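Some notes on the structure that comes next.
Chains here go by letter, A, B and C, matching the order in which they are written, and residues are numbered from 1 within each.
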Amino acid sequence: MEEPQQITTTNVTESEAKGKQEQLSQAYWSLVWWKFKKNKLAIVGAIIIILFYTSCGLFAEFVAPYRLDYQSSHLEARPQPIVFKNPEGKFSLRPAVYGLDQQLDLVARTRTWVVNKEKIYPLSFFVKGQPYKLLGLIPTNIHLFGVDTEKYPDGTAFLFGTDRLGRDLFSRIFYGGRLSLFLGLLGQFLTLVLGMVLGAVSGYYGGTTDILIQRLVEFMGAFPDIPLFMALAAAIPVEWSPILVYFMLTIILVFIRWGGLARQVRGLILSLREREYVLAAKSAGASDWRIMSRHLLPGTLSHVIVIATLMIPGMILSETALSWLGLGLRPPLTSWGVLLQEVSAVRVIRFAPWMLTPVPFIILAVLGFNMLGDGLRDALDPYSGR
Amino acid sequence: MAERIATRDDNIILDVKGMKKYFPIQKGLLRKVVGYVKAVDDVSLYLREGETLGLVGESGCGKTTVSRTIIRLYEPTAGTAHFKTSLFSADGQPEMVNIFDLDKEQMKRIRREVAMIFQDPINSLNPRMSVFDIVSEPMVIHGMKIGPEMEETVVTLLERVGLRKEHIRRYPHEFSGGQRQRIGIARALSMNPKIIFCDEPVSALDVSIQAQTLNLLQDLQSDFNLSYVFVAHDLSVVQHISDRVAVMYVGKIAETAHSDVLYNEPLHPYTEALMSAVPKPDPLYKSERIIMQGDVADPSNPPPGCYFHPRCRYAVDKCSKETPEFRELRPDHWVACHRAEELKLKGV
Amino acid sequence: MAEPLVEIKDLHVQFEVRDGIIKGVDGFTLTINRGETLGVIGESGCGKSITAKAVMQMVPKPGKITGGEIIYYRRDKYNPQKPPSVVKITDLDPDGDTIRSIRGGEFAMIFQEPMSSLTPVYTTGTHIGEALFLHRLVPKTIGEQMTQNIMAYRPVTKQEAREIAIEMLQKVGIPKPHERVDAYPHQLSGGQRQRVMIAIALSCQPFMLIADEPTTALDVSIEAQILDLMRELQESMEMSIMFITHNLGVVAEMAKEIVVMYMGKQVEKSSTVRVFYEPKHPYTRALLQSIPKVGKRTSERLASIKGMVPDPFHLPTGCVFHPRCPSFMPGKCDVLTPNWIETEPDHWVRCLLYENV
């Protein structure tokens, strides 16, 4: 008697609110996006990260005016300043660089490069240069910018200067970023997998498994980092190919860093495990695997994404520190850490301070990840306080 | 146990005897067991087909643990729980099977016949699953139906509980509390269960929605010949829906009786005090309220003798020394009190 | 005879959120008299808690009082002969000195959740003492008054605060108050914590206690203790209580007068007996019929209110209750907005059934 009435009224109220209900279907993600967009810093962070990964990761060859291994005759040349002048010395919108002249410093008994304001080489965009394969596939010789060597055969464009072997630092920073950033991503991905699996197992099964994993995490955490790194890095055979060393280093970093994440995941699983929907699945006869994959891990995902984003900078910095110490990547591999290793001598800082240019790039990348991570943290939890 | 069924009636679908569930208290690095929380301590109850057994008590009395232990969401410490089913019999005749003896595979099959409805309409549905996924999950687990047939079943279930076809692709947060509880009920019905354990199904709902949900549960019971174990702390709700009521205090059942009998002629002082404490929605009702002094006993360190004696106004010496026996004083009226025979207690 | 303490006139509270504006309280008019208990009942989201917070000038963000006024007839606690001054609470700065001295000192509030209302790192004595230092003055001795000759009252000292705290704990029925004054919240049970909350609220002898679902999280036996305690203390201290709850049983026992709220509007107001025995508004009637009554197991089914509480962004036209109302009059209820009218002396209702339209 009452039941049909009830349904009809539900119909009325629902059809009124229908348009709104449809919006609500994506309410979570639209709310996340809305909150994320409001956070200007997070947007800036996201843009920085995207720019880094496209310019270094995908298109380093295109962005860099020179090839990674190209050794020019300009050894330890200082950065060529950018000016807005045409070759006649008049103002022009097209940027140009001053040329460099070699000078013999009789007092210091060294050869140095000085800026020659007479020589002006205009920079061209999408200029033909050294050949390479775009994305490893398409053979081309177009670079983002450079000096047109057909018009100016002796023109150079070393925006950040060159190193002792005459290699362009600007190009090397972008090539180095590729390895450093990719190591951050790959390492973090592996950390995520290891941390989530062990954390989830630890939290879900509890008991002896939990005790063992937790004690292991504590043991790893208590170990002094640097000696452990040194021991592990020393264990890498010298004759290994650089690529192998690269992956080995990634794995070492993962090995040391998974513990924190595992703990966080364990905590999340412990709280989710007591949710009634997990009990509901259990009471329906769901297997452990089903409960874990359908009910527990998806619930931790938003949190884990945030932690992972905030952990990537640590990964990048670890690589930099290790390589700088000479324990990580070694030439001919080029990463930001390897680039900085070349600055480890005081002489270089004294006579070629431009070799420190990778530092601002590292800072920028780390800041970018942190801003992005903070924004994600606020956005992925849109129902929390404003 | 066998005699009880023989002497009583064949209608009993669930017969729990001497069930205990102790949770260990662990401390230290190696989690050494330093004591036990006796959440359920020697509980016996039975349920007939098509009947509702209400389970009431204050928070922490173990009523939720009872229902979760029976369906082995928690592993029982001791006791038996016989359930009438024909799932394992060779000739298809129903027989009494001890749930606590079943192995993992058998337990999974039993779960088709016992379902559960939870208290919290927010927490009991996975926020990342659509209504279809939630309601169909038991069917997926048991490999019962596939494809369009499953979808049809889900739609039928949703319509039966008063939701609509269009709701099938939506997510829990788009529904109000009452609607969410209906989704939970549809999920419980999906395997055609015989018993549904209702764990405080209406206590988180608003008054007007509470009435709708109770009516729905009653309709479903008569349509599908369901048996309910209805766990709640609200005595008026329990009285309304239950045929028989069991009152729990600190892990033990204090009294069980038909609900009219229990509410009008209680035999246990705790029942009497609990009834008198319920605020009556009648401003002219002059209650002689019995205020129970102090707090509920700690189940990890209960008082000796009858657990209720420190708060009981009828307590005598014996109460603090001997644990009262849970006995059937009148037909279908069980009580655990030394003085049950002599006391004249007031109902509502 | 009744002397008004607080008058709420046509109060509007709105919440501006992303999806639009929610009318949390929409035209609320009420007078709370000195020494009386007023019950506010309604389902979740009906605006009862927001009304209470508005009286304390504590509307949570992003809410705002957008209309109406709350007038408080403020008496000097220490000079009762003085005629009361009129304070417009709605005009006060929510962080200002005046409202802060009223909050806690003259209006006290207790909340639903006794677990999170106490700071875990302070003892009960510290909690009570904090309220006392802020709001309670004690008479000076004759000697002090003669020498200083200014005010007859001074703030409490530490020792006095402790003594008052012990006295309050004893009053609210906490065993061994001398020991419990040094107990931390986690050492107390839920019922005891709520008693401590009441002790804090009452330690400054407020004129009004706002109790927002004070027993909802408690068991019936503890609830009975707390309700008894509140009644007892009210009689001895002559304060008003604004009792907010969704539990009709509790409100029937506590209140002298009841306001029923639905979707931010008051729909009925009268004495408790009238509301329970001669309810006028269909919502009140339905609410009373939909609860199972302990000890009266008569009908098999409960009379339920059909449908659900409407979406606050898409309120129904006319009377907000009309889609769920059993006495719905098509063409009237969905078009016209009912007024707040007095159908009988002291029985107010907002329903078109009682208007000539």
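Everything that follows uses one rule, which is that a contact is a pair of C-beta atoms (placed from the backbone, for glycine too) under 8 Å apart; a residue touches a chain by one contact, two chains touch by 3 or more.
None of these values were measured; they are calculated from a predicted model.
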Point to revise | Top chain pair, ranked by how many C-beta pairs fall in contact | key: B-C
Practice item. Starting from the Cα centroid of chain B, hunt down the chain whose centroid lies farthest away. Key: A
Check your understanding: How many angstrom between the C-alpha centroids of chain C and chain A?
Key -> 55
**Study point:** Chain centre separation in whole Å, for chain C relative to chain B (CA means)
**Key:** 35
Check your understanding: Mind pulling the chain B residues that touch 2 or more other chains?
Key -> 212, 215
Study note, to complete from the structure: Residue numbers in chain A touching two or more further chains are 2, 6, 10
Exercise for review: Check each residue of chain C and list the ones that touch at least two other chains.
Suggested key: 304, 306, 308, 324
Review point. In the complex formed with chain B, which residues of chain C make contact?
Key: 43-44, 175, 189, 191-192, 219-225, 227-228, 246-250, 252-253, 272-273, 276-277, 286-288, 290-295, 297, 300-306, 308-309, 324
Practice item. Quick one: which bits of chain B touch chain A in the complex? Just the residue numbers, please. Key: 30-31, 68, 71, 73, 107-109, 111-112, 114-116, 118-120, 123-129, 137-138, 141-142, 162, 164, 169-171, 173-174, 184, 187, 191, 212, 215, 219
Point to revise | Touching residues on chain B, where the partner in the complex is chain C | key: 58-59, 176, 178-179, 206-212, 214-215, 218, 233, 235-237, 239-241, 259-260, 263-264, 273-285, 287, 289, 291-292, 294-296, 347-348
Check your understanding: What residues on chain A touch chain B, complex-wise?
Key -> 2-3, 6-7, 10-11, 14, 21, 24-25, 27-28, 211, 275-277, 279-287, 290, 294-295, 298-299
